[in-house]
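What follows are several structures.
Each of the next two complexes has chain A plus one other chain: chain B in the first, chain C in the second.
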Partner chain A sequence: MVVLREGMCPGLDAGLLRNLRAADVKTVEDLVSSDTEELARKCSVSYKALLAIRRVLLAQHTAFPVSGADLYEELLSSTAILSTGNPSLDKLLDSGLYTGEITELSGGPGSGKSQVCFGVAVHISYRLKQSVVYIDTTGGLTAGRLLEMLQTETSNTEEQMAALQRIQIFRLFDVYSLLDCLYGLRSGGLQQASVGGGSVKAVIVDSVSAVISPLLGGKHNEGMSLMIQVAGVLKTMAKDFNVAALVTNHVTRSGSGEVQPGLGASWSHIPRTRILLERVEPAAAVSPSGLRSATLIKSSRQVREAASTRTSCSSLIALATVREANFLISCVSCSV
Partner chain B sequence: MIRVLPSDCEYFQSSRSFKSPRDNWTVVHRSTLELSPVVEAGLSQQEALQVLQAARTDAAGGGVTALELLQKEAEIKSIVTFCSHLDKALRGGIPVGKTTELCGAPGVGKTQLCLQLAVDVQVPQCFGGVEGHVIYVDTEGSFLLQRVVDMAAAAVRHCSLLAEDEEQRVAMETFTVETILSNIYMVRCRDYEELLAELHLLPDFLSERPKVRLLVIDSVASPFQQLFDELSQRTRLLNSLAQRLIAMATSHHIAVVITNKMTTRLRSGQSQLVPALGENWGHAPTIRLLLHWEGPRRLVTIFKSPGHMDATVQYQITADGFRDTDQSEQPQSKRRHTQVDQSAASC
Partner chain C sequence: MSLRTVPNITVLRHFAAFTMKRRGQEVSSSSRRRRGRKEDEARAEMSESGAQLFARLEGRCCLKDIEPHLFPEDGGPDHGEVVELCGTEGTGKTELLYHLLCRCVLPEAAGGLEVDVVFVDTDYSLDMLRLVSILDSRLNTALSSNSSARSEEAALRSCLSRLLVVHCSSSSQLLLTLHFLETSLSSRPSLALLLIDSISAFYWLDRCGGGASFAKQEEKLSKCAELLERLLRDYRVTVFASCHAIRRSSSGPSSSSDSYLCRPWQRLVSHRLLCSRQDPVDSVAAAVGDRGQRMQPVFTVRCTSSSCSMKSFRSSSFCVTDGGVEFIGTSSSQDSEQSR
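Here is the complex of A and B:
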């Protein structure tokens, strides 16, 4: 909704503006959608002048079609693919996280979503030397864990400290603070967060379901609208600033008992790529193992097999011991 | 988005279109060029930007870099459990600023550990403790005063044996059974409404008493296992409860410890013992400890933690409280009156 203001286009002076307001025409949409003849009579201005103003305003505010070739050129120059640090996960994601898109990681408790997010943050800040914004809504982030992961990459303390400085952390626990934070980032915060060289290349929200699920369902309708608002801000931020958005989600059980990502069908359209993480329980072991499996459940790039409901390309990611704190790869089956 | 603007924004006070029935001001996050009431109020773009900036900086604090967070974390101490193996697995003890959940079958020792933590949080700082007060929310009536007295006496005895220098001796004068008991704030909640109401009032309570370092809710499962009209309402209430707990833990620097029960789940024809309150609740606590039996032994397993390795540790409940096991495998018993005095051997 763009408000009509003085000097927006030649011919729109203070007097005409006052007359238009009196006729209840305050925004560009009101002007364009109203009957020009009647409006000209009401505001005692010539029909031609009003028509000229209308044409200029339309020209200023219309969206312009872009040819596919130009769009492709622009995408080639602006999109980056960020590796997650785990080669088999990269293969699942078609070589990594794409900037300008939202990627979702879902999984049950203890399935490794936060660990993957830590790994991505550490990899981008240390290897790619770019900044990362990490929004933590569950309280699971400890800088000590990030340091542990960095210590396996390098033993040089200065480099570790420099990498830690490139990770900007926000801790918020309700959806309004999240929206505040995202709007703040979109309107200038991202530039401020690009300290220590390197621009912000990824925004990680862990987790988005923790703040939205208390509001969904029941008699409240605001939950759905807040969820779509969050999605909208993340998408525009990803597109305008060329960052990769990574969000985590919880899982629920469908009617047939199958595990599916949470937040419902409306949210399922938002991320471009969705990955489901699960614990792998080896039959003989008594204690919990460090192995997790990642399955691609939605992708606009990878091929899905017709027979099964999930893509058959899955890989095992071993969450290693505290000493290693790295991701070991063990690609068991990868048939596309 | 409802936000009350600072009082120097008299522009908004004068503009009628901003007053909602509740007399709050709505700040819509759009570019200032599009904010029509702003223009009606006669603001220039600069002034409008300033107002929006002021409104925005009141919001959730700016971010910190991971380096600054690391420095802050180095200063935060954990609450020891007096079971050295568990403390080692948790790298210090129950972390302050996070929510920890204790799940287990009845009688395995959840309430014992909660009572032990209520005493341990008050250990003076010169002994490596946190020296904080504790709020104990009891929903089942399992708070046993005599047991707390026994544990407090044992802790005081233990620390006075360790006191070496002057500072520690001075601290021991204030670390007595009476002061320990006086620093425990006990609240009894009978159902989920009382529990939620209590949690609503807690932030104000915590602001008045900045020395509180531990909140124990024993247990969070019993009020929510009552009949609910619809299960989705229970899930929503639990989710918002979880967010409120972690928000309190982070903003007031307290450790939140909640107790959960076990329930049976049938999956593909087999029954399994899992923590109650559903799978969704599993995301809520930051750290989950499972206390279970293995024959006569009691074990505690860390089975969810973003910062610790999964580990299993053996413990025992003695007359003095929650302790390490002896090297000699004594047959364990739930009832404390069969125990021999083992305070010297533990830790």
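Here is the complex of A and C:
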């Protein structure tokens, strides 16, 4: 809804604006949808002038169509694939996190979602030397844990400090501050967060369901609308700035008793790739094992085995050797 | 009418100038005062050229046989019809849209229709890499005889140049974009298909933004639907739109078939494709034992058309491979009105 204002385009002066408002045309959409000849007659302005105004406003406010070939060229030159630091998880994700998309990790309590996110952040900041924005909504992030993970990679304290500096942390606990933070990042914050030479390549929100699920349910639809707004700003940020968005989600039980990711059916269309993490308990377990299983439940690329994209991608950030993070995760099944 | 028997374009232009008098008649008094070149310019803008008239009335490819597996016999989407694909997440709607897209932009040698397509992307769900891999594999199977790398690239590029992609971030922007697309529709007579993925992306935003009255909540989508109706009537393109289900189907796929969008949109839809997914039975997969031979999930599509008087539906199933959608079986049933 864009309200018509004076000076928005040449020819839209105060007098014309008054006449338009008298004819009940207050927004750009009203102007564009109404019949131009009738409006020109009512507001006593020339048809040609009104047509020119309409054309300028339309060009200013519509999304411009892009040819498929140009879009593909742009995508080839700007998409990067970020390895997560764990080879089996990478294999599940078709070689890593893709920039420009939202990837979702869901799992119950203690299933390792936050640990995976820490591992990804540490890997990107230490190995790939790029910045990471980490939005923590649960309070589960401690710098000590990140340092512990870094200490297994290197014993050089300067490198550890440099890697820690590339991880920028935001602590928020409700959806409005999350939206504020994301809008702020989108309008210039991401450039400022690029520290130490590397640009921001990943935005991790842990977890998005902690701030949204209290608002869902009941008669009011505001929760759903806020959820879609968060999704929208994450997606536009991922696309415009070529970052990979990683979010975590809780799980619920479906009607037939099986475990499924939370936040409902409307959220399920939003992430491009979804992974479900579960604990694996061996049959004769004495103590809880450190094993977790990751199942791919939605992917637009993995149809059989790792289907590769076109090999002429020139900007893949692929790693030759990958070190495992400080926990075990084994890929058990890949069902799409 | 074959495009080769195009009438003389100057004849059409004169015809257009005579018949398109609707704007010329209502010239306001202020423009009557301007004489000479300005009046000619105004008249040229008010009337449409012969090419635009031609594009408007004729020349759009008919997409009735775009996918015979999906639609009942002879019941494919005609000019000016809207097909809605509904289903929950992961039921193959986007894959079906890619399949239809590829069928339209591929050259005739590869089994395509060679028409232009506009893809309106409302929730950033277009995965160009996946689309290109489908196009690639289809071109490879079709043109495998004389394939050099450069000719393959050229073929791929020509296919992609028939595709126009628009991203919209709100329903007001969708409305404005549809107005803007009118100029593209009038200037490209080879544009025959409009894909919208998805039409329900702004549902919750509109519901919350409209306050307490349902009319205000549905206002924007109603305006889009009315505009689409006019565009379909004037330009005779075909529209395929995907609509995400918002409730998890606890009682089978039929419960998720209730449309929750506004009435003007529901009136516009002439065919509905209900998508669902059947996961392979676990015991069978375990019996096979070999992890490399996992059973593929099978997707089913059920098509109901409200346009034909005999209510007939057609059910088909497909699975998704590297080369896109592959149909495995179809079944159709005719329920005549007497049985009701």
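For the reader, a short list of remarks on this structure follows.
By our rule, the second predicted complex is superposed on the first by the 277 of 336 C-alpha atoms of A that agree within 3 Å, B and C clash if a C-alpha of one lies under 4 Å from a C-alpha of the other, contacts with A are read in each partner's own complex, and residues count from 1 in each chain.
Note that in this section contacts are C-beta pairs under 8 Å (C-beta built on N, C-alpha and C of every residue); 3 or more make two chains touch, one makes a residue touch a chain.
Just so we're clear, the structure is a prediction, and the values are computed from it rather than from any experiment.
After overlaying the two complexes on the shared chain, residue contacts for A:Val2 are found with chain B and with chain C alike.
In the superposition on chain A, A:Lys298 makes contact with chain C only, not with chain B. Look at A:Thr152: by the touch rule set out above, it reaches neither chain B nor chain C. Look at A:Arg253: by the touch rule set out above, it reaches chain B but stays clear of chain C. When both complexes are overlaid on chain A, the residue A:Pro109 reaches chain B alone and has no touch with chain C.
Of the two partner chains placed by superposition, only chain C is touched by A:Leu75; chain B is not. In the superposed model, A:Ala143 makes contact with chain B only, not with chain C. Shared contact residues of chain A, touching chain B in one structure and chain C in the other: 1-2, 27.
The touching residues of chain C, counted against chain A in their complex, run 23, 26-28, 30-31, 42, 45-46, 88-90, 94, 105, 118-119, 123-125, 127-130, 132-133, 136, 157, 159-169, 172-173, 175-177, 179-181, 184, 198, 201-202, 204-205, 207-209, 223, 227, 244-248, 250, 279, 292, 294, 297, 320-322. By the touch criterion given at the top, residues 1-2, 27-29, 32-33, 37, 40-41, 44, 46-48, 51, 58-59, 61-69, 71-72, 75, 79, 221-222, 224-225, 227-229, 231-232, 235-236, 238-239, 254-255, 264-266, 268-270, 272, 297-298, 300-301, 303-305, 307, 309-310, 334-336 of chain A touch chain C in their complex. Of all residues in chain A, only 1-3, 5, 26-27, 108-110, 114-115, 118, 133-134, 137-147, 161, 164-174, 176-177, 179-181, 183-184, 193, 195, 207, 209-211, 213-218, 250-253, 262, 287-288, 290, 321-322 touch chain B in the complex they form. Residue ranges of chain B in contact with chain A, taken from their complex: 1, 29-30, 33-36, 39, 56, 59-60, 62-67, 69-70, 72-73, 97-99, 232-233, 235-237, 239-240, 242-244, 246-247, 249-250, 279-280, 282-283, 286, 288, 301, 303-304, 306-310, 312.
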